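Below is one structure, written out as structure tokens, with a few remarks after it.
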Amino acid sequence: MSPILLAEQVLNGLQSGVMLFLMAAGLTLIFGVMGLINLAHGSLYMVGAFAAATVAGLTGSFVLALVTALAGAALAGALMEVVVIRRLYARDHLDQVLATFALILIFSEGTRWAFGSFPLYLDTPDWLSGTVQLPGGITYPAYRLALIGVGLVVGVGLWWLNARTRLGIRIRAGENDREMIAALGVDIGRLYTLVFALGAGLAGLAGALVGAIQSVQVGMGEPVLILAFVVIVIGGIGSIRGALIGALLVGLTGTLGSVLLPELFKLFTDASSAATLGSAFSSMAIYVLMAGVLIWRPTGLFGARS
Amino acid sequence: MIRTTLLAAASLAATTAAMTAAAQAEVKVGVITTLSGGGASLGIDTRDGFMLGMEQAARDDIEIAIEDDQRKPDVAVQIADKMIQSDKVDILTGIVWSNLAMAVVPAATAQGKFYLSTNAAPAQLAGRGCNPNYFAVSYQNDNLHEAAGAYAKSEGFSNPFIMAPNYPAGQDSLAGFKRYYEGDLAGEVYTQLGQTDYAAEIAQIRASGADSIFFFLPGGMGISFVKQFADAGIDLPVMGPAFSFDQSMLPALGDAALGVKNGANWSKDLDNEANAAFVSAFEEKYDRLPSIYAAYGYDTANLMLSALEKAEPSDADAFRAALKEADFDSVRGDFKFDTNNHPIQDIYIREVVKEGDVLTNHLVSTVIEDRSSAYVDECKM
Amino acid sequence: MTRERLLNAALVLALFAVPAWALWADEPFTITLATRAVIFALAAVGLNIALGLGGLVSLGHAVFFGIGGYAMGILASHAQNYTPIMEAPFLIEGTKSMPIIWLVAVLASGLAAWLIGLLSLRTSGVYFIMITLAFGQMAYFFATSWPTYGGEDGLSIYVRNGFPGLNTLVPIQFYGICLAWLLLVLALNRALMRSRFGLALNAARQVPDRVRAVGLDPPRLQLVALVLSGAITGLAGALFADLNRFVSPTMLSWQMSGEIMVFVIIGGVARLFGPVAGAGFYVLIEHWLGGVSEYWQIFLGLVLLLVVLFGKGGLVGMIAGARK
Amino acid sequence: MTAVLAATDLRKSFGALKATDGVSLTLREGEIHAIIGPNGAGKSTLIAQLCGSLAPDAGTVSFLGCNVTAQPVAARARMGLARTFQTSALAMEDTVLQNALLGALGASGKPWHFFAPVARDRGLKGRAEAALDAVGLADLRDVRTADLSHGQRRQLEVAVALTLEPKAFVMDEPMAGLGQEGSAQLTSFLADLKRTAPILLVEHDMDAVFALADRISVLVYGRIIATGTVDEIRRDAAVREAYLGDEA
């Protein structure tokens, strides 16, 4: 494999990692602050994609579509929090898993009921179509490059929010001591709704961004959801930094695994079987990575030690 | 809603029955297809095409039960059991997916029921596992991939890159392509089932020096790949089976699909009377263009009706013979069954074009005439 | 307690009455449906040992269910095709005999549970949920892409496997086998809950520190619980595969794990008959709502949500009141 | 006289904080050895190391003459080291008797019986009931633990420890949250209990400590600044300084 191709694959891995980060950041934030495990996070991703596809179809504006996706998913998230989620904070993980599993069913079939069973159309904007030449002779799709950029901007934004704003201080306080900040007069209910909406908005944004290069359809959220869980578990639940590192690790492992493993098997067997075997093992690669990390560090790379 | 629900006496034993006709029905048909969850669009088209055929015939002695398999094999088996045991159906049909067909068909035919496939037709059931009561009205799974292979050969491509998901239908797909193409390959890649990001594969394609691309990625996978491929700025001819470029998929694909050549055994501009009538009737009734699944569903209904004209399913031998005659006007033109109960038909190449604002397919050429299936000799029947 | 006993008795009665009614009314499909409920209940009883008694929230029980299924599929398909599974170093042939299949299913899924437990029990809480999910996904993807036994297409067995003296193709007879297993396992589960092991495991869930302080080792107790749990769910998987005469990777999917968990929670966690009530309710709802609307899963979701939010203790808890 | 339980130069740091800084102490046959010290002195960390739930960075713990530094909690418990917890660690959903049975079960070392009901296990039951009798909870044996009063839970904690027929007790603030009457009761109970096995007592209640202890060690900032009899400790200058801020 040529160095250029390898470099391009590394970029691909980064790009998929960055998108996973958008999902994982919300999940890990919600877990860190509220102690809630939210399986329905993938549904918010789907809501974002559907909102974007609808708005883009009506107005033709991609930027407007993204804004709607973010706002729409944040709104859906806030609604979800107020109606259902806030009743779950005091419950154990088991109840949370089941209730949010139920939410997946409701969201998925509800979306299908509203939008039909056919995939929707959402495309990249003209000004981001085509490719750009990167140094070293790499040809790379402009849109994917933009995705990496957006992911980094969100990452920096989250860091800024966390470290430099009042909201961030409250969020960190909420992670450490719930009773204390309630005693200090912070409206903890509103803080939770806000955090949940923030996480939901990020998921919606990811859904819209990825929806433009994938298929906008019911059920699109679940595979991403599972990957996002893998990411936050690897990174350590509650840690934004862990989510970023975990997302990049998972993105790179997934992409490079699917490229390199078949090459590896070609050393032992014919091209067709190597392709089959390589694909079989690469599909398990990230889960092996996760199991490995947990066995080595039972609370993830950046998780709080018990 | 086609179905009515009867709640049986005990609430612990609710039973549904579905009917279009009164209780004096003489023939019962069970349609098992995917109506909810991912992949529902294919099942809905199958059902709508099938029901269009049934409604045109307007026979009140045929009772039809339709159930949603949720694309889950165990649910499909459960429904089949129910239809056979409780509803006492004579004929089953409607399954979209090969894995569901493999779960249902062998057991159903073993119990003496007829199964007419509106889509899935896996290799096992065409070869060693063939059964006199099993008829594939659609095709044999490999056919449309073979068409793409034949097209690649006729176009003089010498270095195609081929790709499919890593599961039996995907492996059959690439085998089908290679069966008719026979030349060198720039690369052969198996992706993951359900994969949504193809950046890595696209980079490999770019680096491989391929002169064309063949891929089989059903459902959302195909939409993702085509969009991403269009963005990658690689200017190569693209081929695939009809599934990813079918009418139900095109709106989600957008202009990215323009110009793609796809292997099919039906197209809405196929020039025969039955097809013209079908297309206009479907559009009128459902207010959308028919997909290839709708066409298969419609043909299946008409094949079944033609056989019912001649015999009752209770007389299995006579009914089987009547089915085998295929005495109906297929929307695909000439149609007959080979010894393994799979069709012998022409296979075409279509191209995705734009008619006004609407994306659709046009016929380009006939690439294989009177194609049967690769497994016909393995069928001892 | 008496109300719970009454409910349990009613459930057992229903397990006999429903198929009896179906037999009388000539509704064989109701028997099939009841068989499905009984098998799901058995799988959930298995999970309930880990989850209810052991406090191990496993989102990977589909692995054991699927391994049981594939034990049946692999053995029976080799017998069906007259090809041995292995010739060297010694000959292993397929079989169509249920008792042997059950034994293999129980051993294989128990072994898998032991391996998964050894690695997973290093973690706890959400990490445990997620690592079991990860093992489930590994098994799922492996089964999907491993072509030898059908991959995504799965394995179809044309004729149900045999049990000496019975015709398993007759729905009521196969139901009888499944019901016998369920009742036997429930009896064992009841004994287990009252045994030394049950006492220790129950305490290990609530106060692991205390259990350590009296000289017992919570992870070892939990590992054994997981093995028992996995083996029972594996047995259910073998029966489920035999019910459908078919096995595929869907049995290994995370949705399957979720469904088994749903049976337990709707029914009532750590309640002896919770899984039975939950699985019965689920099959009923699925069947009934599925007949009402294409979008029945919305209603299923709503029902689940209501049970979790407002029905503490699941169905058994709602009907029979809080424990003790 | 040989020590039943002994710590030698234990050290444990969390980052820059030296929670245990070279602690050596012994627990002798027949005595109550109290450990006192202001909040944050490192008492809980010390207990955790003695009982095995926390591994020291350096130093050794020996019990009955064996070096148990590397042994986990359960192994030390099986050897006869019984502890009670500061906040009751009891199975709240279970009955009083079941909690006591758990202790007896742990002492038996045989939890791998899957079918025989515990309720008919004479050996275990006898042991558990004897322990409940000893602390005066016999009448409440079928009450759910969650329904016990705070004081009763403390008694149950002791009962569970008793079922182990231990060679030594480690008690983490057994008086905490008890009223005056409760404290007095427990005090007299512990005074008898030390004949069964010596007690390492971590306690805030100074009345109880001064009434019970044969020896006292004072822990400040991870170090033992004094060990001695009640009178010696009362007079100790360093102790006065630590507690009262007196200049020596």
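When the chains are written out, they are named A, B, C and D in that same order, and each has its own residue count from 1.
In this text, a contact is a pair of C-beta atoms (placed from the backbone, for glycine too) under 8 Å apart; a residue touches a chain by one contact, two chains touch by 3 or more.
Heads up on the chains, UniProt names are A, C = Branched-chain amino acid ABC transporter permease; B = ABC transporter substrate-binding protein; D = ABC transporter ATP-binding protein.
Please read these numbers as outputs of a predicted model, since none were measured by experiment.
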List every chain that touches both subunit A and subunit D.
C
When the mean CA coordinate of each chain is compared with the mean CA coordinate of the whole protein, which chain is closest?
C
Could you tell me which chain lies farthest from subunit D when each chain's centre is the average position of its Cα atoms?
B
Separation of mean Cα positions, subunit C and subunit A [Å, integer]
32
Geometric centre distance via CA averages, subunit B-subunit A, whole Å:
34
Could you put a whole-Å number on the gap between the CA centroids of subunit B and subunit D?
73
Measuring from the mean C-alpha position of subunit C to the mean C-alpha position of subunit D, what distance in angstrom results?
43
Residues of subunit A that touch two or more other chains: which are they?
108-109, 112, 276, 279-280, 283
Mind pulling the residue numbers of subunit D that touch at least two other chains?
none
Check each residue of subunit B and list the ones that touch at least two other chains.
36-37, 166, 171, 190, 192
Pairs of chains in contact (touch as defined earlier), listed by label:
A-B, A-C, B-C, C-D
In the complex, subunit B residues that touch subunit A:
36-38, 40-41, 44, 166, 171, 174, 185, 188-192, 194, 196-197, 199-201, 203-204, 206-207, 219-224, 227-228, 230-233, 248-249, 251-256
Of subunit A, residues touching subunit C in the complex:
31, 37, 84, 87-88, 91, 93-95, 97-99, 101-106, 108-110, 112-113, 226, 229-230, 233, 237, 276, 279-280, 283-284, 287-288, 290-291, 294-295, 298-300, 303, 306
Interface residues, subunit B side, partner subunit C - complex:
3, 5, 7-8, 10-16, 35-37, 67-68, 72-74, 77-78, 81-82, 85-87, 98-99, 102-103, 106-107, 110, 122, 166-169, 171, 190, 192-193
Quick one: in the complex, what on subunit A touches subunit B?
1-2, 4-5, 8-9, 12-13, 15-16, 108-109, 112, 116-121, 123-124, 129-131, 139, 141-144, 210, 212-220, 223-224, 255, 258-259, 262, 271-272, 275-276, 278-280, 282-283
Quick check on the complex: what are the subunit C residues that touch subunit A?
51, 57, 59, 119-120, 122-127, 129-131, 133-135, 137-138, 141-142, 144-147, 254, 258, 261-262, 265, 269, 295-298, 300-305, 308-309
